[in-house]
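What follows is a pair of complexes built around chain A, which joins chain B in one and chain C in the other.
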Partner chain A sequence: MKVILVDDEQKFINMLEKRLAMRQIQADVAFTGDEAIEKVRNTPYDVAVLDIKMPGISGLQLKKELRALNPNLKIIFVTGHGAGLESGEDPAENDIYLSKPLDIDILIAKLNQVAN
Partner chain B sequence: MIKKIHSYLKTIWPEFHKHKQNVHLESFYTFTDYWHLWVMSIFILAVTALAPLGFVTLIHYQLIQQSVDSELNLRTEQLTSSTKSSVSFFMEERLNALIFTVNEMGYDQLTKMDGLAEILKNLKLGFGGLSDLSVIDTDGNQVAYAGPFNLEGKNYKNQPWFSESLKRTNFVSEVFTGYRDVPHMIIAVRSIKPDGSFFILRATLDTERLIQTLSSHKTGTHTDIFLVDHEGVLQTPSENYGQIFTRTKLTFPTDQTQTKVIMDKHQKNSPIISAHCFISTHIVSTPFVLVVQKKKAAMMHVWLEMRRNINWTVGISIVLILLVITFASTFMINRLYLIDKTKAETMLQMEQSQQLISIGQLAAGVAHEINNPLAVINQTAGYVKDLFSFTDEPQKAEDIIEHIDSILDATDRCGTITRQLLGFVRQFDIQIKRTCLKNLITDVLSFHKKEAEYRGISVGVSVPDTFPDMETDSGKLQQILVNLINNAFQALDDGCCLDISASQITPKMIKLIIQDTGCGIPEKNLNKIHEPFFSTKQDQMGTGLGLSITYGLVKKLGGNISVQSTEGVGTCFTITLPIKIQEGKLA
Partner chain C sequence: MNDAINFMNIEGLKFFGRVNASISHELKNILAIISETTGFLNDLTELAKQGKDLKLSLIESCSKSIAEEIQRGFTTIKQMNSFAHNVDVPIKETNLGDLLDLTVKLSKFLSFASTVHTPAPDQKMKPVLTCPFLLQNLIYQVLCFAYESVGPEGKVDICFNSKDDNGIHLLFSLPVTMETKDFPTEKIQKSADVLGIAITVKNSEFILWIPFSSDKITQMASLL
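For the complex of A and B:
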C-alpha cells in the first residue's frame, strides 16, 4: 500500500511517516498542495492523507486535483477542527475524516479499510 | 377580590419608582428619567386640559359680572329717577300750594287775624308736609304767623334765606337750624302788597315727611338714600355717612343735570354703586342733590351664591381631571417603562448572545490552532514510544532529547494560544482602563493569523508609534474589533486585503479605519446594516445583530461609526472614538 501524507505541519507529518514505516506502511510526505500534486503525478498512490487547512490550496480543493490525476486514489482527511463536516465537504463522497490529535492505530485501521 | 384590587393598583401605581440603576441595562433604555417623564406628562396634560377650562370660566365670570353690573346700574338709575320724581313732586306740590294761596288770598287776607291759621289748616288737610306758615315784609318782620312754634314778631332780616328769597319769586332753602335751633327747611313765595312793596309767604317743610318720602323708596337694608347740598353736606340722615350736616367727600360737577351712576368704594372699602342727580322743580331749582347708594355685595348675593356653586363645580372638575390625568399618565408611563425594560433586557441578552457567538467563532479557530501542536506532541510522543516498542536497539540520548524538545516547542505553542485566549476573555469585564489599541488589534488578529495564512489574505496594521493609549472600556472596544474583523474575514475572498489603521484626529479623538477589498455591501442595504436582525448571511446562520451591536457599542463609548462600501470593490468602516471616555458616559 502506497500512501502520501500531505500537511503543512512538518514535525507532525515527519513523525507520522516514521511511525507508519515502523508498522510496515510506506508513506511519502508533502508539505504543500503543489508538492503533493507533483508526487501523485509521478507515483500511483493508493491512499492520500490530507490536512484540510493548508496555506495556498486547501485539502478539499487538493482532493479534486489529485482525483483528476488518479481517479482511484482513496482520501482520508485529517483536520484540527475535530470530527464533523466542514463547509465545502460533500457527504456523498463518503470521505473519511479523522481529527487531530491523531491515533495511529485508528489511522492504520482506516488505511487498511480504504485500501481493501 | 383583594388580588383584583392589588392588580388594579399595580397598573396605576408608578412601577418605575422601583427602577434601580443597572450599568449593564441602562444604556438600552430609551428614557433614563421616568420620574421626570411622568411629571412632565402630568404637567403637559394638566395644562392642556385645564387651561381651556380656566379660560372659559374666566370669560364666563367676566360676562356674568358685566351683565350683573349693567343690571345693577339700571336698577339704581331707575330707583334714583323715581326717588327724584317723588322728592321734586313733594317740593313742587307745596310750592304750587303757596303760589296759589298768595295769588288767591293777597296780603290783606293773609295777615288778617286767624286767616293764616285757617289756610295752614286747609293746606295740612290738602297736602300735609307743612309745619308752619308766616308772612314776612321786606324788612324781615314776621307780620303774621300760624304754627306750633312761638315765632311771632321775629325778624328774619339777617337770615341768609330771607335775602335769597327776596331776590327770587320762589325759593327753596337748604336745611338749617334757624331760631328754633332745629334742622328744618323752608319754601318761600315772593309777592307784592297793594302799596307795591314785596312781602314773602314762607312755609316750613316737615323734614320728617321728606325723610319718609326718601325712605319709602328703600328696598332692603343695603340701600342708602339721602340728600346733600352742592358742597356734599348731608341734608337728610345717611346710613353710610351719618347725621344731618355731616360733611361727606362727595363732589358733583354742576354742569351735570342727568342722573349719573358710578361704581365707587365706600370708606370701609366695600364696593358700592352710587347714583346722584340734582333736584329741581318746574318752578325753581333746589340746592339739593339726591344720592342713592347700594352695597354691591348685598345686591349680588344671588350672583355670589351662583359663583360659589360654579367655583365648587370647577374645583371638583379640576380635582377629577387631575386624578384622571395622574392615573392615565401613571398607567401610560408604567406601560412604557415595562416595555422599555423588556426591550433593554432583550437587547442585553442579544449583546451577550452576540458576545458568545463571537467567542464561539473564535473558539473554532483556537481549537484548530491548539489541535495542531497537540497532534505534533501526540505523534512525537508516540514515535518515542515506538522506538522502544518496535526496536531493540539502544536509543541515542541526543535523538530522544531532540524529540522531547519538539514536544516542549509544541506545548509552548499551546501555552501561547491559551494565554491569548485568556487575555481576550478578560477584556469582557466592564472597566475603564488604559488600553493600547495596537495591542488590542494584534490580539484580535492573532486568532485569524492562520486563517489569513491559509487563505492568502494580506492583513496590514498601521498604528503610528505616537498613537496615545486610550482610557476606555477595552472589552467593548475589543468586541467592536472582533465583530468588524470577523465580518471582514467573512466578506473577503482568498487572496484579498484587510487594512486596519488608526490615527489621532484631534487632541481628544481618534479615528479607526477597517478597510477590506471584499464583496462589499449593496447600496440598498447600506442604510439597514445597523438595524437589528438585518442579515444577508442566511446560509451562514448570521444573527443580524453583529453590526447593530457594534453600532450600539461605539455609541456607548461616545463615538461614531460610518460605512462606505461599493459592491464588488470593498467596504470601509470608519470609527471615531474619544481617547478618554467621559465619566458616567459608559454603561
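For the complex of A and C:
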C-alpha cells in the first residue's frame, strides 16, 4: 500500500510517518497542497491522508485536484475541527473523516479498509 | 443607537465564535502532536521490551518536541484568556499596540493567514477610549480581508501614525498590485461606524483613523 500524508503541521505528520513505518506501512509526506500535487503526479499512491485545513488550499479542494491526477486515489480526511466533521464516513462521497488526535490503530484499520 | 447595539451583539457573538473555533483548532493540532509523540515513545518502549536497542537521541528529541508543544499550548491559552477578558469592561482606555498585537496573533490561527509585520507594542502610546472587543473585531475583519486579498504566501505590513492630535492612524499596507476596490465591505464599514472610526483607502493601503475618544463611544458607554 502506498500512502501519502498531507498536513502543514510538520511535527505531526513526521511522527505519524515514523509510527506507520514501524507498522510496515511506508508513507510519503507533504506539507503543502502544491507538494502533495507534485508527489501524486509522480507516484501512484493508493491512499492520501489529508488535513482539512491547510494554508492556501482546503483538504476538500486538494482532494479534487489529486483525484484529477489519480482517479483511483482513496482519501482519508483528518480534521482538527471540534464538530461537524468528527470521525465517520461521509455517505455522499465515501471519504473517511478522522478527528485529531488520531488513534493509530483506527487510522491503520481505515487505511486497510479503503485500500482493499 | 439601539440598532448599533443589536449589530454589535450579533457581530460580537459571531466574532467570539470564530476566534474560539480557530483556537480550538490550534489546540487540537498541539494535542495531536503530543499524542503522536507519546504514541511513538510507547512504540519505542515496546520495541525495547522485545530487546531492540533504544536510541537515547530519539527519546531526547521526543521530549523536546513535547515540551515545545506544551509551551505553544500555554501561549495559545494565554492569548485565549486575554481575548476572553476583553469583554470584562465594555468601554475602556486601551493601548492600541497591545490590542493589535493580540488580534494579529489570534488571526494567525486562521488557515488562510498571510505573513504580517506589526510594530512592537509601545506602552507610551496614548490610549484610546473604545470598546476593545469591537475594535478587535474590526481589526480582525480587516486582517481577514487583507489575508484573502494577498493569499497565504503574501505579506501585510501594519504600522501606526500617531501624529494626529485627535486620534491614531492604523495603516494596513498590501503589495502595490493588490485590488482594494471592494474595501471596506459593508460589515467592516458598519463596525467602524459604531466605533466612530473613519476608513480610507489609499492605493493599496487601508487606513483606520481611531479617535482618542468619540461621542459615539461616550454615548455607548452610558447605555452599556
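Operating definition for what follows: the second predicted complex is superposed on the first by the 106 of 116 C-alpha atoms of A that agree within 3 Å, B and C clash if a C-alpha of one lies under 4 Å from a C-alpha of the other, contacts with A are read in each partner's own complex, and residues count from 1 in each chain.
Everything below uses one rule, namely that contacts are C-beta pairs under 8 Å (C-beta built on N, C-alpha and C of every residue); 3 or more make two chains touch, one makes a residue touch a chain.
If you're wondering where the values come from, they're calculated on a predicted model, not measured in any experiment.
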Chain A as common anchor, with chain B and chain C clashing or fitting: clash
Touching partner for A:V3 - first (chain B), second (chain C), both, neither: neither
Which superposed partner A:L111 touches (first chain B, second chain C, both, neither): neither
Contacts of A:P55 with chain B and chain C, given as first, second, both or neither: both
Partner chain in contact with A:R19 - chain B first, chain C second, else both or neither: both
Interface residues of chain A shared between complexes with chain B and chain C: 9, 11-12, 15-16, 18-19, 22, 53-56, 58, 80-82, 99-102, 104
Touch list for chain B against partner chain A, complex: 364, 367-372, 374-380, 382-383, 386, 390-391, 406, 410, 450, 453-454, 456
Residues on chain C engaged by chain A in the complex (per definition of touch): 21, 24-26, 28-29, 31-37, 39-40, 43, 47, 65, 69, 111-113, 151-153
Chain A - residues contacting chain C, complex: 9, 11-12, 15-16, 18-19, 22, 53-56, 58, 80-82, 99-102, 104
In the complex, chain A residues that touch chain B: 9, 11-12, 15-16, 18-19, 22-23, 53-56, 58, 78-82, 99-102, 104
